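Handing you a structure now.
Order of writing sets the chain letters: A, B, C and D. Residues in each chain are counted from 1.
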Amino acid sequence: MDRINMMNDYLQGCHPEILKKLSDTNMEATVGYGLDQYCASAIDKIRKACGREDIDVHFIVGGTQTNLISIAHILRPHQAAVSTVEGHIATHESGAVEGTGHKVITLPSHDGKLSAEEVDELFSAHFGSEISEHMPQPALVYISQPTEIGTLYTKKELSDLHEVCRKFDVPLYADGARLGYALGSESNDVTLKDMAELTDIFYIGGTKCGAMFGEALVITDDRFKKDFRYIYKQRGAMLAKGRLLGIQFDVLFTDDLYTRICQNAVRIASRIKNALKEKGIELYGNSTTNQLFFKMDGDLKTRIEERFILQFWDRDTDGRSVYRLCTSWATTEEQADLFISLL
Amino acid sequence: MDRINMMNDYLQGCHPEILKKLSDTNMEATVGYGLDQYCASAIDKIRKACGREDIDVHFIVGGTQTNLISIAHILRPHQAAVSTVEGHIATHESGAVEGTGHKVITLPSHDGKLSAEEVDELFSAHFGSEISEHMPQPALVYISQPTEIGTLYTKKELSDLHEVCRKFDVPLYADGARLGYALGSESNDVTLKDMAELTDIFYIGGTKCGAMFGEALVITDDRFKKDFRYIYKQRGAMLAKGRLLGIQFDVLFTDDLYTRICQNAVRIASRIKNALKEKGIELYGNSTTNQLFFKMDGDLKTRIEERFILQFWDRDTDGRSVYRLCTSWATTEEQADLFISLL
Amino acid sequence: MDRINMMNDYLQGCHPEILKKLSDTNMEATVGYGLDQYCASAIDKIRKACGREDIDVHFIVGGTQTNLISIAHILRPHQAAVSTVEGHIATHESGAVEGTGHKVITLPSHDGKLSAEEVDELFSAHFGSEISEHMPQPALVYISQPTEIGTLYTKKELSDLHEVCRKFDVPLYADGARLGYALGSESNDVTLKDMAELTDIFYIGGTKCGAMFGEALVITDDRFKKDFRYIYKQRGAMLAKGRLLGIQFDVLFTDDLYTRICQNAVRIASRIKNALKEKGIELYGNSTTNQLFFKMDGDLKTRIEERFILQFWDRDTDGRSVYRLCTSWATTEEQADLFISLL
Amino acid sequence: MDRINMMNDYLQGCHPEILKKLSDTNMEATVGYGLDQYCASAIDKIRKACGREDIDVHFIVGGTQTNLISIAHILRPHQAAVSTVEGHIATHESGAVEGTGHKVITLPSHDGKLSAEEVDELFSAHFGSEISEHMPQPALVYISQPTEIGTLYTKKELSDLHEVCRKFDVPLYADGARLGYALGSESNDVTLKDMAELTDIFYIGGTKCGAMFGEALVITDDRFKKDFRYIYKQRGAMLAKGRLLGIQFDVLFTDDLYTRICQNAVRIASRIKNALKEKGIELYGNSTTNQLFFKMDGDLKTRIEERFILQFWDRDTDGRSVYRLCTSWATTEEQADLFISLL
């Protein structure tokens, strides 16, 4: 009997409605490079969802690609991005940002998040230094929503960070690889409109949120709109058949599919989380989205791993193993039932 | 009535068999990053088709991406690629190679091709110079098969180039964005096995040859195998759902689908070419693959453009307009019949 | 008997007045990184000589370094520099500009110079293209004054180029490695003040014009002033003992030493040039500065090379050898007398 | 009355013998780019001092430049350098290494030094990871001798580090900006010959050790010798008048001038250190070279700063201010006497 794989949220292809639309449009001939009607329609819907007609939207295949291109697009050669020590660009992108010539300056992670105060101190210290030019200039703040460990910036936290960025005239960039799972979380008070107001550039992740592949980059700050098409062409990210991305986001932003399917995934994660709590299984971290972290060993581990594949995450300071379980748009209630029954 | 678009060969989605396999496997959960069974199977089939078990194969989403990553992977900082003045990396990739720090040195185009003799002269001049270090070091030869204008390197020409490269210990890289249409041309005498013998690294284009997207990079020279996975991860090209690429190439290399559908496209292009010749319409260049270049104006232009969309290519020295027509795996006999009837 | 070396203009150390000042100040302790009083004084004098108080001046050790840093400072990642095919950045800087990620687009050389009309055509074609983002964006015009082959832009030519640059909102950068020899030429009608008006950024070469080493970069356009100190620190060009550069330019710009010594060198070159003409020796090119190009073979070659070292430059289309003779601040009348006597 | 500046060790010009030789040779004409007889002579002397005829030596103007070029020369695009958190490349080089595309991975500083054990753990963890390609590959170990805070690697520590590097086939690079002050320290047991045996590439600092400017890069590992001249030309570091560097190192390595003058500086620093200890002034860190760190406030601070300029270094955890005093080849006994008399 095949085990159920819940290691991650990019294990299946895509939501059936997307596959259907890809099939329905397969033999249509459209112009290339994202200038087709499907991209136009998707952009229109994303603008409406963001409550702003003036934003630019570009579709890119993957997350690391979106991060490195956006950061290379914005920064001048001597400038650096600021991230928590756990940030994806600081840990699991093979030095992609450095590969474009820019340092990633790290600050402590507070439940996966940057502290606005510490960001303020970093910038104040840099620009207050008499030898500032001997150090890379911090010039972009990178966050992700939700964070690497599934936690969420509150609207208050995001506003504070935004304010610090404004103070130093530095853009705030949000990696939204799993943004759907933030928008779909009960604990969340940051809407898509807030994202568009409180960041200068962010992306709406598709790959992990129902799409076959693709991320929708949203540029809200006029200063960063110019020539983006050159930059992502130069980095090899402009898809000849750009309509593939447009079709997917058009479907995801029709009838709110994007939020609905992610909300469902988070709801299932919550059910499992409650079951874990009830059984006294120790949780790890404070994720309120589709990722669950908990400690597992002995009989429990044996029982679970007979039927499920989870990801070993880390060894905690107490020496116990932490595992991650991810729900996704593809997770079913039956899978959750089975998992809970094994606890 | 919609006009038939023959501007390019990446206008539709993908061959129906690929779409079917993507659908059939959609809800399967597989490991990410190209380590799944579909990639393994596709690699196995490509190795067999190339007649070598010792080659490395990596799947990458697009052509510009494949070119820039491969070149950045191979060259040291002071080294340059050599291409014809018409080469894709020298003209239509937004300075992607320069973006990785390397100059593209250009040589004349002879029917779209490099002359082995001129390549030899370039290298001899460089390494014979007393001030060679004041100039970028030519260190990789870039060609495409077929070329930008649809012509083909003969086996003799490719062998000569390969020999010059060996003489100077420099790798030969072949861009095969439309390789299927080379393999499917009657004029062609270079097999896939020859490609694997006579180049150090090349790619088998999927995007323009039946796949939804994707290129299969083949590394035949041991020296260039090491750490490629780091490089393409760092450049944002490692697809989380790598199996999407594996599935596509697995289908394309099953029962020789890749060559069959491209062969068909070239056959249709030949039919149209013969009709153009019969009608005394002036051809431009010597393409023997799926691209046709010819001069068109006056009534002919009006008649054709009422039913077809072609690409304006260039203005010839005689002042007349040159247009390009591309057939592809998606072109039908009926479309060709209609086109020919309008001549 | 040692032969007299006139191969180049960077063969000796520096003008004696500079050496004296370096000696006189040797044991003074000053702050580092160009923030000392000698740099301040030199900047002040250069501002006066340029007739503008609002320009920024930075001192950098060498020419290739100054070119690559300035261009990297100004361009965004997808942008390219435009140069003649003979331009130093296009030929003899080892791909330094490409090393910073930017293509060098080349245009024909007209007596070493760009044609304003051709530059206009290039920009018009690029920005008029529907697929402009598939090509590197031309975004900076690079010239040198004098050119690589000793010719000069007239004020009219420079103004025309400046106007085209304004039209497309693109900066004009002038490499002045031998600027002194332009300013010192009788044929010249472009003053230092004109340079400061008609370019956005240029440098006043020291290494070849009397200094031990060093170039003075002048930024006239406000948009390019910001954060330059970061950029040249990051590229390893900020000298700890920055005062060494300040001292040199302070001396060169005291009592007009810079122009005087270069003027003298050009005058001597003119004397020799006239002698060559009188003897019917065929000149090559139209240099009116400190470089002389002429054809030399047979007895003449033997006679000259017994006493002088010149640089073999090129083989002309008629098969004859072209040699270069450079005068400099270090050339004496006696050396010229001897040379002329050998003709 | 002028105060005596002891903030740093690059405040004066150069040792008088160097100045004399620069003057004596000033009007000689030599070939450029480091191919002259002075460079040859200096290389010869450095080879003898290192006890190896097979090493390559290149002269470069500054330290940041030497670091960034060497690291860019050695690493492939996906590779990273490893340094302590205090390392110069990690703190005060404006992101120069990242500017060449490479991450600097930091490990804890133990008295300014890397722990061989922690380096081993880092490499073991990386290469033992199943997802190693998602992280930058550590591929060069950067140390400085002496460290940023004046401490020294013992021969045992250097050998251990060297062994770990060998184990993972990774080069060990030593920044020797102040190497003279290490060689001149009584606590030191690492000779120049040891440096040449136990590192793969290192540099002998001139700028801070008696030269006007310049560093001598020594490449001991054959694998890193190839094409270095291209790399440093491309980065703008090849001096036209390369002989200026050759002359300086020729003088420094004649009659052991380099070690003698640095030894004297360290001896003076020791005298002052002993005086500080005797007076019960709290030292900070364990420097045994030419840098002294100590706490200073109240009357002492007033008294000292009336006659001396020192560098504010840091605020210690106890809230007290730490200052740095540097001796150098230019420091006199009289200056030390005066300083001690003020304690």
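In this text, a residue touches a chain if its C-beta (ideal position, glycine included) is under 8 Å from a C-beta of that chain, and two chains touch if they have at least 3 such contacts.
Note that the structure is predicted; figures quoted are calculated from it, not measured.
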item: Chains contacting each of chain B and chain C, listed by label; value: A, D
item: Centroid comparison with chain A (C-alpha atoms), farthest chain; value: C
item: Chain centre separation in whole Å, for chain D relative to chain A (CA means); value: 43
item: Distance between the centres, which are taken as Cα means, of chain D and chain B, whole angstrom; value: 50
item: Chain A-chain B separation of Cα centroids, rounded to whole Å; value: 34
item: Set of chain C residues in contact with two or more other chains; value: 77-78, 93-95, 99-101, 131, 133-134, 136, 230, 233-234, 238
item: Chain A residues within the chain B interface of the complex; value: 4-5, 7-8, 10-14, 16, 19, 22-23, 25-32, 61-69, 93-96, 99, 207-208, 212-213, 230, 233-241, 244, 330
item: Residue ranges of chain D in contact with chain A within the complex; value: 77-78, 80, 91-95, 98-104, 131, 133-136
item: Residue numbers on chain B that touch chain D, as the complex places them; value: 72-73, 76-78, 100-101, 132-134, 136-137, 227, 229-231, 233-234, 238
